[in-house]
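Next come two complexes built around subunit A: one with subunit B, the other with subunit C.
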Partner chain A sequence: MLTIWAILIDGLIYASWLFLVAAGLTVIYGVMRILNMAHGSLYALGAYASASSIGWYYASGGDQLWIAFALLASCAIVIGAIAGFIMERGILRLMYGRDEVLMLIVTFALLLILEDLMKLAWGTTPYFAYQPYAALGRFNFGVLSVSGYQIMVVGVSVVVGAVLWFWLERTRTGKILRSIIHDREVSEAMGVNVRRMFTMTFVIGASLGAIAGGVTAPIISVVPGIGVEVIVVAFAVVVTGGLGSITGAAIGALIVGLARAASIHTMPQLELFIIYAVMASVLIFRPNGLFGQATARKI
Partner chain B sequence: MMRLQKTEISLVVAALVLGLSPLISPDWLVFTSTLAVAAALVVMGVVMLMRAGLISFGQGLFYCTGGYAVGLGGRFLGVTDALALVGMGILATVVLAMVLGLLLTRYREIFFAMLTLAFSMILYGVLVKSHGLGSTDGFSVVNWTILGYQPDQGHQSATGLWLAIVLALAAALFLNRYFQSSIGLACEAIRENEVRVEYMGISRRQVLYINYVIAAALGSIGGSLTALTAGHVDPTMAYWTISGEFVFIALLGGTGHVAAPFVAAFIFILVRTYAVELFPNSWQLILGIVLLLIILFLPKGIWSLFTRTRRAEA
Partner chain C sequence: MGHSLQPKLWQRTLLTTATSLAMASVGIIGIMGFAGSASAQEDTFKVGLVTFLSGGASGPFGVPAAQAAETVIKAINEGTLPAPYNTKGVNGLQLESVVIDEAGGPTKQVEEYRNLVQRQNVDAVIGYISSGDCLAVSPVAEELKTFTIAFDCGTPRLFPELESPKYFFRTGLDATADNVGAAHYLKETRPDITQVAGIQQNYAWGQDSWNDFQLSMNQLMPGTEFVDNQTPQIFQGSYGTEISALQTSRPEIVHSSMWGGDMEAFVAQANVRGLLDQATAVLTTGESGFNRFKDQAPDGTIIGGRGPFGAFMPDNDLSEWFSKAYEAQHGVSPSYPSSKMAQALLALKYAADNSGAEGKPSDEQLASTLKSATFESVSGTVRMALAGGHQALQPMYYGEYHYSPETGPELRNIRSYTGACVSPPDGYNAQEWIKNGFPEANCN
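On to the complex of A and B.
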């Protein structure tokens, strides 16, 4: 019984982290049909930005928790937005209209570039920003102890998911985006500025990745290479749920998160394996993921 | 008897020239050349898939399988013959690819790319967790022999290069014919429009399946050769960034000619040898920028530079 509770709680915590990481990836793919391999690097960028800003804040004598959180969020969002803007306007724009697979390679090139730029900017020594994590303390549920920060991550994830859903389903901009997804040419003919919408989507997607990194920074040690590890997991989540669907990403995150927690508590040696096993088994039965839509084939 | 084509004669000549190089070139260059030939074999598999319109970000799976087959065969089965070890790698890989191919031939574009990536990451995850096999450190490969001949310390790298050249020449000659065969041409047709290929009575899944399995076998040979040359295997062979490097080399060379992967692999391995030493923290940066430049300005790879000038002369 205890194991089941532990699996549920750990699974929920991991799932909400997964959703945060995967949300930006699925938004960008949904609207622009670009699978952004550099998403992991944006995550790392956000982590570096918030870790170094929090480190600086506490080193210069600050002790206000809310300022630390404000710094964490704003630094991550700003750096993600700037990087996203440069990537979209500077490079991706030159490549529109080419193969979807070629865009994958373009974003792979961006990943390589960003990885090294981060090494040049922040060096290879790890950054720590444990203070916000420590400040929120731990909560006890019976014999299980969960850190307050992890609970906050669940909250952040729910808020991000709700805001994204509202934005896409209930606002004018969201409606325009859905019209672009449905038929780009007709939307353009109706006066939608598709290029501007693309820039906006990419900037938002990139900031989402950076926020995920910023929120994670206090939990981990920020070192080179964290982004490269994240992208594969994020992709597994997004594909399980169906590429381009927010609901899909949430369900995918829950399934993968619970599966991983179950494996950690029962068969720890299968931890890495289980994520991809879930993805492969979903894809065998539903090639477009749980919530994905099949596309028509060209004749 | 088939007539020898011009390409085939040039391939044999190039192989002979490269085979003579250990007589004059220093040991490190022989070592580097062997690694380049091994990488080119894997890249040929990537190119085969690319010709069918599929990009694999998981060719490291077969590269690693080939490498570990060599390592495990020597360690647990006591096999020391290099050819037998390479053969075991091919066997293991073909069985694996025949199973995975059943699933993967249903997918295209990014789904194919990311599923291949996921499968190679599964192998990576399994290897990292197997402490008996050295976990992330990997383990050493036995001192190998070839057909009963034990190369002594000074000759090991040259023997390795010759073995690589013979295997690569065989693979290149085969691929040259393969690309002109009906199945090779069907792959290109599938890239252009697979529904029409079905209308013509060709099973696209069958074509892609055979293509995928052969590409996997090439990847395995490359991995085995790397393991024999480097004398060591570790799980990073299956990590997805290694597969990304193979895609990079394939794009660098282009899909136009069987020799293109070899030229590209030599450039890549040589540049890497220097760049990692000179700019350890910006080597990937250079890689990424070059990749973008190739996609923008040389979409058919550096091989198109040669063909373009030749056409201009004619």
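On to the complex of A and C.
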């Protein structure tokens, strides 16, 4: 029974983190049809910005937890938005209309460039910003314990999901975005400034990636390469849920999270295998993912 | 069409003059460069240094090793090392380094090695943190007959898979010693434990380490029950679920061979989650986080430094000099990868200075001098007594980490185990040696 509870709790926590990481990726693909490999670098940028700002705050004698959290969130959002804006305006807008595979290669190049730029800026020494993680303590459930920070990550994930849903489903901008998703050419013909919407979407998606990194920074040691590691599992989640679907990303994250937790508690040697086994199983029966929609190719 | 496509006369003249000047400059620079390099080749000894400068291993291992090389090479060239290395250069030659990034995997490293030897004409190579790179490069070093020192890689398969090595050396211990040493430490300091769990990175290093540790515990503490072993992927970073699984298995000891940022992140998370209140962690590479753990690792956490390196360095003139020089130059105390790089460079200087060569020693002279040699180092007196004289035989150290904000980190309850106690003698497969009850081991 203890193991079942542990699987459910751990699965939910990991799924929340996965959703945070995957949300920006799926928003950008849904609207812009860009598989943004550089999403991992945006995650890493957010992590570095948060870790260094929190490190600086505590090193200079700060001890207010809310200021640390404010720094964490604001630094991640700002750096994600700036990087996203530069990437979209400086490079990606020159590529619109090209093949999706070319966009994939371009964003992969951006990932490599950003990895090196981060090394230039932050070096290769690990950054630790554990104070917020430690400060929220833990909750004990018998022999099992859950850190307060992990529970907070679940809350952040729920809030991000709800805001994204509200934005896309209940606002005018969301309706315009959905019209672009449905048919970009018709939207343009109806007077929608698609390029501006693309910029906005990319900046929001990039900020989401950076927020995921910022939230993760107090848990991990921030080192070069974390962005590359995370992009692989984020792809597995969005592909399982259906590329471009927020609901799909949430359900995909939940399925992958629970399957992984079950594996770790029962057959730890299958931990890595199980994520891709879930993805492959879903794709066998639903090639577009759980919530992905097959679209007719325009010729 | 008012403009002619033909360049005007002044444009052609300018172009021709510029081209001539450029060609002449290239020629002069080339001649000067050739002359310079020919002269430099006579006065310098060129060593290729291969260490991780990018990727997850760069921060905790690769860069500290490169920084150590910078410190030691500068001192070698200035002649400011303590005795017996207080002469300038290596056998009188200034030491020049070519640093290569170890990232990219074994195939790339074999290409890089060939480049270093055949195109950059290095006189020796020191490097390799990754066991895969060591295994791939060592036969090439033998094929190219180039004096090469592996300063850190820990695979016990290195010399058993290298038939009659002549040019390839390792100036440190292998991973078997880490885990045999950890089992000895537990037997001495925690004789009553019965339940042990593990968490290892999911690749050969982690799997081999856990196997060696389990086998050693079976020999030294036969009543031990292994209740769990978690195998997260390398550079995973977040270990929430693994920590839950370890908590539900209720171990008294958690053994981990995880290294670098992974190891430090696991310790921080396990501490907050309370796992390290329930169980004591045994971290075979824990020393590399010694200066960064602060209060994130609880007092009593058992750490190793892969031998007498980093915080485990014994007190001697060389270790004292190295600690001071490294800290002055890089702002932190040297960790074990830094000390191991320093040891490899001292081995090179020892081999060159004692080769008997006039001028630059040959690969054969360097190899025959270092083979079975005994030399002084930051880790004490090193005997090249394993693998037919090609690998160092050194003691293994473990101790408990303690931290106070006033005094910083310190090691307590340090125990050492002789090299002959923790390393299999030549001719034995490591796992067979452990399974057979450590034949010929000398633990006194």
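Following the convention adopted for this analysis, the second predicted complex is superposed on the first by the 295 of 299 C-alpha atoms of A that agree within 3 Å, B and C clash if a C-alpha of one lies under 4 Å from a C-alpha of the other, contacts with A are read in each partner's own complex, and residues count from 1 in each chain.
Keep this in mind: a contact is a pair of C-beta atoms (placed from the backbone, for glycine too) under 8 Å apart; a residue touches a chain by one contact, two chains touch by 3 or more.
Because the structure is a prediction, the values reported are computed rather than measured.
Peer 1: Answer with first, second, both or neither: which of subunit B and subunit C does A:Thr171 touch in the superposed model?
Peer 2: Neither partner.
Peer 1: With the two complexes superposed on chain A, say which partner A:Gln150 touches: subunit B (first), subunit C (second), both, or neither.
Peer 2: Second partner only, subunit C.
Peer 1: Tell me the contact category for A:Phe235 with respect to subunit B and subunit C: first, second, both or neither.
Peer 2: first
Peer 1: Contacts for A:Val101 in the overlay, against subunit B (first) and subunit C (second): which applies, first, second, both or neither?
Peer 2: First partner only.
Peer 1: Just checking: does A:Tyr133 make contact with subunit B only, subunit C only, both, or neither of them? Give me first, second, both or neither.
Peer 2: A:Tyr133 contacts subunit C only, not subunit B.
Peer 1: Identify the partner contact of A:Gln64: answer first if only subunit B is touched, second if only subunit C is, both if each is, neither if none is.
Peer 2: Touch partners of A:Gln64: none, neither subunit B nor subunit C.
Peer 1: For A:Gln269, select first, second, both or neither according to whether it touches subunit B, subunit C, the two together, or no partner.
Peer 2: both
Peer 1: So in the superposed three-chain picture, is A:Thr124 touching just subunit B, just subunit C, both, or none of them (first/second/both/neither)?
Peer 2: After superposing on A, A:Thr124 lies in contact with both subunit B and subunit C.
Peer 1: Between subunit B (first) and subunit C (second), which does A:Trp17 come into contact with in this model arrangement: first, second, both, or neither?
Peer 2: In the superposed model, A:Trp17 contacts subunit C only, not subunit B.
Peer 1: Using the superposition on chain A as set up above, list the residues of subunit A that contact both subunit B and subunit C.
Peer 2: On subunit A, the residues that contact subunit B in one structure and subunit C in the other are 119, 124, 269, 271-272.
Peer 1: So in the complex, the part of subunit C that touches subunit A is made up of which residues?
Peer 2: 53-56, 58-60, 62-63, 202, 228-233, 235-238, 240-242, 244-245, 247-248, 250, 260-262, 264-265, 268-269, 271-275, 278, 292, 296
Peer 1: For the complex, give me every residue of subunit B touching subunit A.
Peer 2: Its residues touching subunit A are 53, 55, 57, 103, 106-107, 109-111, 113-115, 117-119, 121-122, 124-126, 128-129, 193-196, 240-241, 244, 247, 251, 281-285, 287-289, 291-292, 295-296.
Peer 1: Which positions of subunit A touch subunit B when the two form their complex?
Peer 2: Against subunit B, subunit A makes touches at 35, 91, 94-95, 99-102, 104-106, 108-113, 115-117, 119-120, 124, 228, 232, 235-236, 239, 243, 269-273, 276-277, 279-280, 283-284, 287, 297-299.
Peer 1: Which part of subunit A faces subunit C closely enough to touch in the complex?
Peer 2: Against subunit C, the touching part of subunit A is residues 2-3, 6, 9-11, 13-14, 17, 119, 123-126, 128, 130, 133-134, 137-138, 140, 143-147, 149-150, 216, 219-226, 229, 260-261, 264-265, 268-269, 271-272.
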